[in-house]
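Chain IDs A, B, C and D follow the sequence of writing; residue 1 opens each chain.
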Amino acid sequence: MLFKACVESVEELARHSYYLLLREPQLAAQSRPGQFLHIRIGESLVPFLRRPFSLAGACPQRGTLEVIFRLAGEGTAILSRVKKGAVLNCLGPLGRGFQFSASRLPAVLLAGGAGVAPLLFLARALVGKKRRVALFYGAASRDDLLPLKRLLPRETAVHLATDDGSSGYQGRVTDLFAGAVRQGMQPVELYACGPRPMLQVLTKKNEAWNFPLQLSLEERMACGLGACQGCAVSIRQGEKSTYRMVCSDGPVFAAQEVEW
Amino acid sequence: MLFKACVESVEELARHSYYLLLREPQLAAQSRPGQFLHIRIGESLVPFLRRPFSLAGACPQRGTLEVIFRLAGEGTAILSRVKKGAVLNCLGPLGRGFQFSASRLPAVLLAGGAGVAPLLFLARALVGKKRRVALFYGAASRDDLLPLKRLLPRETAVHLATDDGSSGYQGRVTDLFAGAVRQGMQPVELYACGPRPMLQVLTKKNEAWNFPLQLSLEERMACGLGACQGCAVSIRQGEKSTYRMVCSDGPVFAAQEVEW
Amino acid sequence: MADLEVKLGPLTLKNPVLAAAGTFGFGEEYASFFPLEKLGALVVNGLTLKPRAGNPPPRIVETPAGMLNAIGLQNPGLKGFLEQELPRLQAGRVAIIVNIAGENEEEYITLAQELSAVPGILALEVNLSCPNVKQGGLQFGTDAANIGSLVARIRRVTDLPLIVKLSPNVTDIAELARAAENSGADILSLVNTLQGMVIDIAARRPFLGNITGGLSGPAIRPVAVRMVYEVYRAVRLPLIGMGGIMQVHDALQFMLAGAGAVAVGTANFVEPCTIPRLIDDLHAFLNTAGLSSLREIVGAAHH
Amino acid sequence: MADLEVKLGPLTLKNPVLAAAGTFGFGEEYASFFPLEKLGALVVNGLTLKPRAGNPPPRIVETPAGMLNAIGLQNPGLKGFLEQELPRLQAGRVAIIVNIAGENEEEYITLAQELSAVPGILALEVNLSCPNVKQGGLQFGTDAANIGSLVARIRRVTDLPLIVKLSPNVTDIAELARAAENSGADILSLVNTLQGMVIDIAARRPFLGNITGGLSGPAIRPVAVRMVYEVYRAVRLPLIGMGGIMQVHDALQFMLAGAGAVAVGTANFVEPCTIPRLIDDLHAFLNTAGLSSLREIVGAAHH
């Protein structure tokens, strides 16, 4: 699971958001939605640790993998400047990814900001399984929204929210979705990825709706493998809680297990 | 003396040796042979300190500066990959450079390896002053020799030495020069730059010849300005010795002052 | 090919490169990268008598050329280790050293006693220096008298080679090293992490759930090498050096300073194959330098 | 614009950014980059009674995200300072703090006494912690009783604000901080460098002429922030924090941990205009955060 992936292209998709296309057929063949790559940024001691990025797509036919990342600090800044043909040292595919239930319920994907990345991969997989898919996607402003047309199967229904109202619903993506529920949405399966407060709010609201809800979480990581026990998240097990590792036990968890 | 110099070109001149052409008119106008630039390599924390490089040339007319460097570690590796148009954060011109005496003696320049860089600048300046100039230039092997034709005024006589005899005299450049002296060389002024053992041997041999001899020294540097007192070299002052700073008191010192 | 086997007092290792405690789990996660029998030894996760849940997240944060961790000794406890982890490791012919930490002296004694009765454990490493546990750990490790009495008591209950791991968060590490030596330690290992912290500017509070954490990685290497150098002059025991080793040149610094073996910690996170590459590079170094054994360079910086 | 003036006990500074001792010379070299009056204060090169030649080269070496130095307090001595350096600094209206180091207690006393008689010096900083001088320096700084008695004696001979600079190479920095507080220090500054070493693999010996050196720069920042945090809880004195500050976010970490002012050392070598940029960025931070003074964030990470 240590791969040298070749950079096919890097491209600025939206403000501060980049699209990275990698080629590594073996890695592509093994990757599932919700899994992630742990990428070494250069060979220097700064940035020191690898950086985790969800897979936004993987095509076993073409042997390619997609990553979509937002500029956050030095690591992502360097990554945004890699050149076609460069080789990236990647650990992957890591983590367990999303669970596919046997249910035929429509799937609703809720994305906040860069959290949309794994949901793009998931949307394609679900559409491939002939599931109905809707994406509720929120960002700060119009300029931060990814060009979804390119990235999603046509079958996906998209509902946008921006904090400033410059595109779609003005407000939070969780409120947009709550509105849809109030207007009588039928039972659905939910999958969400985004900033912690968004996932917390969603989990809370879902206590009333009680839809099946999977969350893709983020935590600071060192090894990415389950060895360092650094990326702990507190998980409810019956009456007790226990720490699970986001990298190896997740990053996807059932919402009702997660203790914030 | 803090400048943003624009990279005009980077080019591999010989095995592991690179030529860097910078443009920064003010800096070019102020620079003298023997002075150096203190270059920040990137904005990251590794490499941490600036890297000192002698000026291999400066052209006030064109506003350009030349640096010739050998791959030594991470800093020079990164520098070898900078692109035309990049901007380098440079402190300079630093140090005092070579003293030009009023004498009309022929000048002999002795270079070991990457130490040739400041002597190229010096050679041009001396030829400009109508001095007779000979360069004795040693390297490990033929592939390590810089293409001097391009870098030196035609008037300079060049004598080559390689450790393996693949080009010119087989052996040390100091021995090559000592041979020339034995064969009855007239009094000359000497300027040398190269590895420490070479400069030590030369200083020792020169005790017999007693030519005026200036050495360009290297020492680990932090500030490059004389503030940190890190780049000390022990200098003889009459009966006593005292520490002087390579960056601000040198890097050029009279050979008889230097205590090894 | 030059031989990398090393003898550290009563302990013989097939090569001098160990996986440092707490950074390699129980090996399972790395087994898909290379056969664990390649390891000079695997120092397994800090073990306590009872299972420990560890500290609240966030537990790690990157720092310049290093990282802070505040895992807090999350581990399955002695029983869990013996039942779930040890059999698998033994089946894989991994050389196992067990790193132990107690909440009090009794726990150290019990752990040492019980582990000594288990076949297939190569040595015990006593963690005197974990800065992330409230009781036990750090305070044991900073006082020479405490170290002396604890090590002496452990010595009485075990015949296994006894490695004492020292904390760098002290004024005089040589003094602590001498205390461990005089109380029956066979080998000293150093250093554990330096205590540090990062503050989250936006939140205006310490970033780690545990407030402080242990600094590891290349950032601390100069401090670690200095301590190995000092301890080498102070005691006659063999030393295992660690702190920021990424490459063969880093390992050689520790050996020249006096370490007979080295451990790799944080580097495993950055490059899972650091250890096998390091072993190969040590071979290559010996061959290039024309040396038949690493013994010739251990402590050579003191001559 | 928000006001950056800070009061540290008896000391008032126009802004909270100092140039750290030993990293800014006597200012001359930096005067061509920016007017030195911009500095919150310039802590001049560690001064001894008699001139000191310093340590043999090499004196510095780069390390991951940091450097080691073993300058060994090269300085012109008290008389040289008063005659050659001070008049120029005073003419430039630079706020001057003098960092003093003695080879024994008497020298500290003499230095403090004589400097107190000189007009135009803002404060004294007592360097208890220079690891590069054989006599004096380090050993004074690692023992609470020594610190107590020395600080008390200096206190008796000077009315200048008295800053005591602490070493990080200790088991319990809070104890030393309390000793300094109880003996009359007005302000504490921390940290000095961590003792470290680099070994030259090719030569098989320590790289620095002095064998060991002091580690500074971003590598040590987590350790330094942790110590400021600990000392803030232990004493009521104002603190000057330092260790690896390069940017405004680094400085804010120290302030949130409890430092009323910060000093910039090694960063001056990397970027000579670090200090004026930091001052501008602190202004910008206060304005963006809607704060009128830094007081509101000093120690805020403890709430």
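The criterion applied here is as follows: contacts are C-beta pairs under 8 Å (C-beta built on N, C-alpha and C of every residue); 3 or more make two chains touch, one makes a residue touch a chain.
These numbers were taken from a predicted model, which means no experiment stands behind them.
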item: Touch-network distance, chain B to chain C, counted in steps; value: 1
item: Centroid comparison with chain A (C-alpha atoms), farthest chain; value: B
item: Length of the line joining the C-alpha centres of chain A and chain B, rounded to whole Å; value: 54
item: Distance from the mean Cα position of chain C to that of chain A, given in whole angstrom; value: 36
item: Distance between chain centroids, defined by C-alpha means - chain C, chain D (Å); value: 34
item: Residues of chain D touching at least two other chains; value: 63-66, 217-218
item: Residue list for chain A, restricted to those that touch at least two other chains; value: 45-46
item: Graph class of chain-chain contacts, one of line, ring, star, complete, other; value: complete
item: Interface residues, chain A side, partner chain D - complex; value: 45-46
item: Chain A contact footprint on chain D (complex, rising order); value: 64-65
item: Contact footprint of chain B on chain D as seen in their complex; value: 22-25, 28-30, 32-33, 53-67, 69, 71, 74, 217-218, 246, 266, 268-273
item: Residue ranges of chain D touching chain C (in the complex, touch as defined); value: 63-66, 68, 142, 169-172, 194-199, 201, 204-206, 211-213, 215, 217-223, 225-226, 229, 244, 249, 252-253, 256-257, 297, 300-301, 303
item: Touching residues (chain side chain A, partner chain C) in the complex; value: 1-2, 40, 45-50, 89, 91, 219-234, 242-243, 248
